[in-house]
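Note that the chains are named A, B, C, D, E and F in the order they appear, and that numbering of residues resets to 1 at the start of each chain.
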Amino acid sequence: MTALPARPVPSLPALVYEALVRRELAADLGDAGDLTTDAIVPATATATGRVVARCAGRVCGLEVALASFRLAAGGAGWARVETTAADGDDVEAGAVLATLTGPARALLSAERTALNFLGHLSGIATATRDLVRRVAAAGPARLVCTRKTTPGLRALEKYAVRVGGGANHRFGLYDAVLIKDNHRAIAGGVAPAVAAARAALGHLVKLEVEVDTLEELDEALDAGADVVLLDNMPIPDLERAVARCRGRAVSEASGGITAESIVAVAATGVEVISVGWITHSAPALDVGLDVETS
Amino acid sequence: MTALPARPVPSLPALVYEALVRRELAADLGDAGDLTTDAIVPATATATGRVVARCAGRVCGLEVALASFRLAAGGAGWARVETTAADGDDVEAGAVLATLTGPARALLSAERTALNFLGHLSGIATATRDLVRRVAAAGPARLVCTRKTTPGLRALEKYAVRVGGGANHRFGLYDAVLIKDNHRAIAGGVAPAVAAARAALGHLVKLEVEVDTLEELDEALDAGADVVLLDNMPIPDLERAVARCRGRAVSEASGGITAESIVAVAATGVEVISVGWITHSAPALDVGLDVETS
Amino acid sequence: MTALPARPVPSLPALVYEALVRRELAADLGDAGDLTTDAIVPATATATGRVVARCAGRVCGLEVALASFRLAAGGAGWARVETTAADGDDVEAGAVLATLTGPARALLSAERTALNFLGHLSGIATATRDLVRRVAAAGPARLVCTRKTTPGLRALEKYAVRVGGGANHRFGLYDAVLIKDNHRAIAGGVAPAVAAARAALGHLVKLEVEVDTLEELDEALDAGADVVLLDNMPIPDLERAVARCRGRAVSEASGGITAESIVAVAATGVEVISVGWITHSAPALDVGLDVETS
Amino acid sequence: MTALPARPVPSLPALVYEALVRRELAADLGDAGDLTTDAIVPATATATGRVVARCAGRVCGLEVALASFRLAAGGAGWARVETTAADGDDVEAGAVLATLTGPARALLSAERTALNFLGHLSGIATATRDLVRRVAAAGPARLVCTRKTTPGLRALEKYAVRVGGGANHRFGLYDAVLIKDNHRAIAGGVAPAVAAARAALGHLVKLEVEVDTLEELDEALDAGADVVLLDNMPIPDLERAVARCRGRAVSEASGGITAESIVAVAATGVEVISVGWITHSAPALDVGLDVETS
Amino acid sequence: MTALPARPVPSLPALVYEALVRRELAADLGDAGDLTTDAIVPATATATGRVVARCAGRVCGLEVALASFRLAAGGAGWARVETTAADGDDVEAGAVLATLTGPARALLSAERTALNFLGHLSGIATATRDLVRRVAAAGPARLVCTRKTTPGLRALEKYAVRVGGGANHRFGLYDAVLIKDNHRAIAGGVAPAVAAARAALGHLVKLEVEVDTLEELDEALDAGADVVLLDNMPIPDLERAVARCRGRAVSEASGGITAESIVAVAATGVEVISVGWITHSAPALDVGLDVETS
Amino acid sequence: MTALPARPVPSLPALVYEALVRRELAADLGDAGDLTTDAIVPATATATGRVVARCAGRVCGLEVALASFRLAAGGAGWARVETTAADGDDVEAGAVLATLTGPARALLSAERTALNFLGHLSGIATATRDLVRRVAAAGPARLVCTRKTTPGLRALEKYAVRVGGGANHRFGLYDAVLIKDNHRAIAGGVAPAVAAARAALGHLVKLEVEVDTLEELDEALDAGADVVLLDNMPIPDLERAVARCRGRAVSEASGGITAESIVAVAATGVEVISVGWITHSAPALDVGLDVETS
């Protein structure tokens, strides 16, 4: 595998996130609305808010955050929305990402919803970016996420991984085959499992087989797997596995890979490294809203 | 504040989580279903799965995980479901939390959904428990969460905090008043802000005021706040603030409190400590499913 | 309790009611649409409609009514929308509340939906206003509603109570504690019930205890209730109860209070009076739409 | 029109109300659940609840109320559910309508939801029954409701009218044609309006024309209306109108008809009398739950 | 029945179809979005698309198709949308129906959704039109559809029938009575079935009885059916049936009527002919999108 | 490509179709319910229904149809449900597919919903089966469907194609890349389009390129397409294209292929043939319900 071509800017259609934002705003308002703001802030008051990164990281979810303010304001709308960063930008602590001027009530009521999305997604993008950089220094591998995502947020989290410079593993049970040990056991071996899957699948579905040992790897390669998932292999075995895969199947390393161990894994020349914690355990990026009332 | 009475077992009605589980299962199945399992595993195959903690922690979300398997199986159902742990239990690595025997397809197809809920919620409960223990050794304070939750999961995450031994701050903008600096600025001071809120509120809503300095604290106490949020105060100021609150308002410390700094905060005698990262940044607990085909 | 500060204008976010309006319009149109209007009124016809109060009362739900017309018109929109009243206004019979000029089909098809919302909410606001006036003449009490609301409309009905000059009791089971006789019986008394609740609750939740007798009241006050609900007490008992509550807990009178009996109740000096029928049994205000085709 | 045949027992499919009940329970529980009950009542406690009519009236919505308890209990279920009344029964104050024994938590948490449905629908059924009785003593007319229903509850309220002995007018804009004055004005008269409607409609749709005067009535009859709505006519005109309709169209009296004026209206021999307030303004029937903990 | 008056232009409110379009777009995008377009087409690229009929037919669903493009583009919107046809137009192969200029990504991503709606509905309108023409040459009958529609699309398909020149039978079980053989058997004959239905129904519901023989027809007419469905009758019987219905009930022929047999059926003078296959089996009209990138 | 292995029985999880069935039943019942059945059939009446194929074909959707009856019956349920056929069976006219005994009302009210699903899906399965047989006699090709599906029914229709013996092309824009002429034009050729896509995609996504000529085919093969879609190629070109693809990419023929032309296409040895009309234009299979009342 040669150097990767330049990655396009990832995209996330509004149709995917607007319903989530609307639901989240409605849940935060509840039946009683924003008790504090409604009691204290006049309906006609205006204010300016600056979405700010409180620490350095990679921005992700800015459009989602802005949609929170937009949907909270309803028909009234914003006098000014200026974005000074975009998803994928690496920013320093203190960087202003966007500035909005408009109804003070909507600004204050939507603040937490906007920041919860932005902080969560930027946290994932930042963690991914950091791993991608470590991998890039060591080998040609592409970093990918898994299906270990937060319930309800898979589309957004997989997008954040792309924004972080990673790529996506399958999105669900529906878009690729991954034969694990239990499937293999029920089918009576790798070969019959692969055969059964090939028979059932459309011609546009890729087939991956999870293997624990080099013997299993050989079975998977002989059975014609498109991709093999090398699960928890010691580095020397991984090196041998990568060599055997060359020209026959894409090699993917997986299983408990940490920021520390990933460099050695990447140095084996494996083509893909999948890491679960960038989606299920990356800490949120600290983001805030500075408000100026006028 | 004297020693807390024994906390009741927290509860989470099925009405709150079943729709989430159903949506998550459907999203993982997509329109094509579980390509791998459907192709390889006969509809009549049965298997036994054991939900296992791969590392030590506090269990949370076991009923949600079991609902995943139950809803995936549909009418067919499970021959046996045995639970050997419950939400709130502290378990060691390797502990078996539940065992299910039934349709192999449903077991494999629902595995990831079940574990994603269980790992996420147990991670929050475990992080909360750890902080609660540190706090308990240092002072009388109760640990609470914030509204910095993961979009779509607030009800479940707040429940996980209770399971971890913490308590809940307000759930949304609708169930308590929290007057922040921006509200204060717009109202022209703490006193008019509190007066405006009191005028608008029902008699069952508590009112909290965020303060940065001892001067602001005095204003809030004079205005009759039920609770004061002492934001990012240095320890000596915090001690003075706690003393001034005694008998007048509940004192709450907040702002960038970490596992390291929390002991000193608790030692001030403050009554409540709120921490955002237990909901937005706690790493997932590693949980897995061991399957035995029969 | 001194004279209440001026109440702010209540607010109701569009996010709370737009989904209801959309669902209601869709339900009235069904799969076949407005058979009459579609057959008779050309798509290009325009008309002017005046939303009119057919009898005197307090206006509530005008924005909801206008949203009905707006959502029914879709992209086409209205050439003119002029509002000549606002929620909270007291109007005479014949008063024009709003005037719309635009697509005749949308005007006729949305008429019933708009008026059903407006009439229902104005009826509640008017009934509340009338009671509030009677109370104000007799004592310092604040009038509040209950959870006896019409299924599906709690957020809107509680808003109508605020528009009528009342305040809200808790919105659901989730935002305040109310210990009733059955809870007390299961807990084995008021004191253990209050202790159990305090142990489980966050520091921002108020706790109310329902009592039937002065003995129970003393128990509740000793247990530290924030609010006591004095249920169906004879006036003399109520007077004594109010005296005992002073400085210790907020007193609330409840139970079968009518427009006739409320003056005597208010005269006891009780701080809060809760009345169920303003939400579950207030008659709708008669409102109509005068259409002028052009 | 001869004496009406015996009315069948009205029915309401569970598919129509279960989603409403589930939504209402979830709204009352919110994200935090039943704070009071969860803190005080052990998960294993059982209790017996009796649904009781606190005053005399006609029962309606008992199945909906029971569904509230059933859905709140989830899988656990009820040890005993005994119904001692059914929709359509006329009961005295104090009558026990149903008795449930099972989980105390579910009983207490679902109480308000169950009673809100039952009280609202029984109120409509009772008001309808009372009018039907007055009408029956005076003439052959059938009492019907209108589209002036509470938002979100039309299906249930129209069912309550049937339970009260009334019949239903059209359910929406989609199931019958009603040509009002505005349609007539736009079409340029009754005849062209009826012609346009007939041309567009399927052969299973009935066509009603609203008329204010006897001249308009003649136009409507000549145009071939199936039904004529005699709007706000003085009694002598109404008598003449009814006579002219005989054998040509069904006659319907409408417009501000009260419990007082309805007898005179019925005495004209009109075939149908439509009354809006039985759905939009009938007071709720007082119903309660007596709980016995065990 | 004399010559039908000119049919009005059928209408379909956006409220009825927008949710369907949004759901369909979201389903096609899934969680990953349009992989191809997002990777290849820059977010800023613009293009012009022409919606084209690939073969001759009657246009139906053009607004639905345009809504697909509109909703896919979100806030950005289209620089130009020009419609050169409208629902109900008969077009030749190659006819341009609409032209859009705007974001290339939205154009390509929404193409299939737009065309699937347009092709399906135009197919139904075209099939209906063809039958209507055959019928018109032979007799006065009106062509109507049935409830044999595609799940989820009844409102749209019934609209397409109107666009094709047909009329609608009942829309569901809720808007008209149709007594079939099973109802008759349970009721113990046509007369008691009709009586039971009349007793239960509002005065705005029409009542149809399905009959297989002339004897049954007489029963139905005597029982006072508004419409009789003459099911699968041989032509000579149908002629006799039509004669007997005259002046007593509307006659409807139904049952396996094909494009071939319909002329003879229409020639009997029957008033209504219902055909199921125009909704459940009409082939889609071939429509396409010609894209020009700029 | 050698002979295909035996295809597994396709599966369709209940989670995918139950919401559709529930929505469809509710839409048919509307707010008024089944007017006819509710008026005539006693709530306690029981009946036996036999789901019958009225003409020969391949069964598909039987579980969906049975779910219609099951969901309509609610808690009451069926005394007996016997299935005498299964999805994928080829049956003769008159074959009984399933027999249900239970509540007569549910049987009659759910009939149309059940049959609409069953007829639609069996029609697609039957059309697919017929084409698959023609193809099998001529060459090794696998028959696949397209994204030209009926709005709202893609998951079910793709399942019906599998039941008919076909396989699935991609399910949406999200699970495979298909580079069409417009993408190519915007990217400036096949090579840069493929490079852009490869750079953006995960390693489990297949990439197909649509080509019109042999020159374009060479470009696509050189660019490393996994699959090439040979669009509307004359048979001689198709033969050459298939030869060039061998060992380099999967070949797929597409574009206006009919039951007549498919044999010649298959005879070219092409590996995949995609046909749109099996999903968008297959006529429904005639299925019915024979009811016996008891």
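Basically, a contact is a pair of C-beta atoms (placed from the backbone, for glycine too) under 8 Å apart; a residue touches a chain by one contact, two chains touch by 3 or more.
Keep in mind it's a predicted model, so treat the numbers as computed, not measured.
The fewest steps needed to get from chain A to chain F, moving only between touching chains, is 1. Chains making contact with chain A as well as with chain C: B, D, E, F. Here the repeat of A-F among B-C, C-E or A-C is B-C, since over half of its contact pairs match by residue number.
Set against one another, C-D and D-F show the most C-beta pairs in contact at C-D.
The greatest centre-to-centre distance from chain B, using averaged C-alpha positions, is reached by E.
Chain B and chain F, compared by their mean Cα positions, are separated by 44 Å. Separating the CA-averaged centres of chain C and chain F is a span of 51 Å.
Multi-chain contact residues of chain D, defined as those touching 2 or more other chains: 8, 10, 27, 29-34, 38-40, 109, 154, 168, 171-172, 174-176, 196, 199-201, 205.
Within the complex, the chain E residues that touch chain D are 4-8, 10, 142, 144, 162, 167-171, 174-176, 195-196, 198-206, 208, 226-227, 250, 252, 271-272. Taken in their complex, chain D has these residues touching chain A: 27, 30-31.
Residue ranges of chain F in contact with chain E, taken from their complex: 20, 23-24, 27-42, 45, 47, 104, 108-109, 112-113, 115-117, 119-120, 123, 147-154, 171-180, 182-183, 185-187, 193, 196-197, 199-201, 205, 277, 280-281, 283-284, 291, 293.
Contact residues on chain C toward chain E in their complex (touch as defined above): 22, 25-26, 29-34, 38-40, 43, 71-72, 74-75, 105, 109.
Listing the residues of chain B that touch chain D in their complex gives 8-16, 154-155, 158, 168, 171-172, 175.
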